[in-house]
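Two complexes follow with subunit A in common, the first pairing it with subunit B and the second with subunit C.
Up next, the complex of A and B:
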């Protein structure tokens, strides 16, 4: 017996998608060398306020992509929170692990700050810095801090939404007083990017650490620490 | 020097492909996650070899590190959920 969906529709659809991908690869390889997007973007890096080409694309030329990525992270955390409250967490660490965590967490926060600042002219940026902050939170959670060093739920909500909020508000403000959504004026670009990246870093770090806890923070997180 | 680099790249690619196959075919979630972390770290090396240090950093920090931690936690929860009602089904999980 032939089931139309599984035996005809899905194979034909897959073949069509495969053909499309092959065709676009063929076009990309054999296409005539016109003005490529990469060359245009590289030529405009000096206007973007930062000298690192990757950051200039992520935070200036294609800033709305990054804004949507932040929104995706936020939506993922909301999905995790909707699963219920976080588990009981890990046991408090023994002295050796505790000592290591006490040394590593400040180092990670310092590296995150460096990573954020260096993103303007070298590899780095908000996502890497946020990942370092998130790693600090994961370490704290593994060492038995029940709330992974995060603030209480009210403040955590603000912190988690901060990145998207600052990003979107900057864009809207520029739409009202400037040239358009997230079109930075020349002189201000560097500082606007830095402000957005700082907010995004804090948000990403808090989001990743909160995601590792695996649920909404417990109702009385402070009393739960080191039980 | 150049031949050495080519051999290194070849080894890297083959190891990466092998790891991908082993990760996808392993039946135990925990094992798959640990292999996935190894895969992510090697992929970071590949990005570094392709002279994309930004991507290498992001892959090592987010792809291997944090995703790995998240998936390990998920695997722990999943195995806790399947084995806690009946511990007798333990033999099924063995690879």
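Up next, the complex of A and C:
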């Protein structure tokens, strides 16, 4: 049986939308591009304190974006926490999985540190490093660690707010003593970016792992811990 | 701009558009919330494809960093929105 909405109207509408999207995409890549932001951004990369163009866009030219993005992560986590406490988690892993996790988690933390540092001049940066830390947390949670290796709730709250706090405080400090909100002075840009990225990495990793738990950390994290 | 770059852009961007349409179709047609959530994520992946295709400027040239930064931002926002939606869905099921 043919339902007219589902089998005719929606596909036809989608094909029309697809045609429009494809046509405008074709025009965008073939047409006269005019002044693109790429040239401006790439020309200013040497002034930005880092040599990786993507990192300089993220942490310098569009630092507002990244600050608000960290705030989005924090808001999502607060939303998850407001819905209730986390479940009881998985049962403790058997020896094979436990051994693998014990080997992989330190490697992930090490790679996160590498990613954070390499982001200044090659693909990498705070988000990639934070994702690796988050993955380490998810791995611990899957192996039965009830709190995914995260600290107790009080310290966890500090940790997830650290990224936004350091970022915003750096911006405000620069507004008071420098050229304006998040306008880095030239000599200090590299170090300010590194400080912000380090705080952001810790926050992102903790936020992702805490979001995976799906609720506020349990009151007694020790019970059910697979140590 | 050489023909090869244009070809790669159209192929990659075109697959992005197909992903957006598939996601949109699934979002409209299927009722379960989990399927809708997956559909939104497929749509998001399509949008990231399109942005990366726009940023591509040949294998020897550095890509346009602005769309790349937008994609990184977008991935993080998509992940946090998905996590929040999953938590909401879990509460709805209880």
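Going forward, the second predicted complex is superposed on the first by the 189 of 227 C-alpha atoms of A that agree within 3 Å, B and C clash if a C-alpha of one lies under 4 Å from a C-alpha of the other, contacts with A are read in each partner's own complex, and residues count from 1 in each chain.
Just so we're on the same page, a residue touches a chain if its C-beta (ideal position, glycine included) is under 8 Å from a C-beta of that chain, and two chains touch if they have at least 3 such contacts.
Predicted model only: the values in this text are computed from it and were never measured.
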In the overlaid three-chain picture, which partner chain does A:22 touch, first (subunit B) or second (subunit C), both, or neither?
second
Contact-wise, after the overlay, does A:167 reach subunit B, subunit C, both or neither (first, second, both, neither)?
neither
Report for A:184: first if it touches subunit B alone, second if subunit C alone, otherwise both or neither.
neither
Return first, second, both or neither, reflecting whether A:66 touches subunit B, subunit C, both chains, or no partner chain.
second
Regarding the shared-chain residue A:211, is it in contact with subunit B (first), subunit C (second), both, or neither?
both
Please name the chain, subunit B or subunit C, that touches the greater number of residues in subunit A.
C
Which partner chains sit in contact with A:124 here, subunit B, subunit C, both or neither? Use first/second/both/neither.
first
Taking the superposition on A as described, I'd like to know which of subunit B and subunit C A:54 touches: first, second, both or neither.
both
Contacts of subunit A common to subunit B and subunit C in the A-superposed view 54, 125, 127, 208, 211-212, 214
Subunit A to subunit C touching residues, read off their complex:
6, 10-11, 14-15, 17-18, 21-22, 25-26, 28-30, 36-38, 41-42, 45, 53-54, 56-58, 62, 65-66, 69, 72-73, 75-77, 79-80, 83-84, 125, 127, 204, 207-208, 211-212, 214-215
Once bound in the complex, which stretches of subunit C touch subunit A?
6, 9-10, 13-14, 17-18, 20-21, 24-25, 28-29, 50, 53-55, 57, 62-66, 68-69, 72-73, 75-77, 79-81, 83-84, 86-88, 90-91
In the complex, go through subunit B and note every residue touching subunit A.
53-54, 56-58, 61-62, 65-66, 69-70, 73-74, 77
Inside the complex, what are the residues of subunit A that reach subunit B?
52, 54, 87, 123-125, 127-128, 131-132, 134-135, 138, 208, 211-212, 214
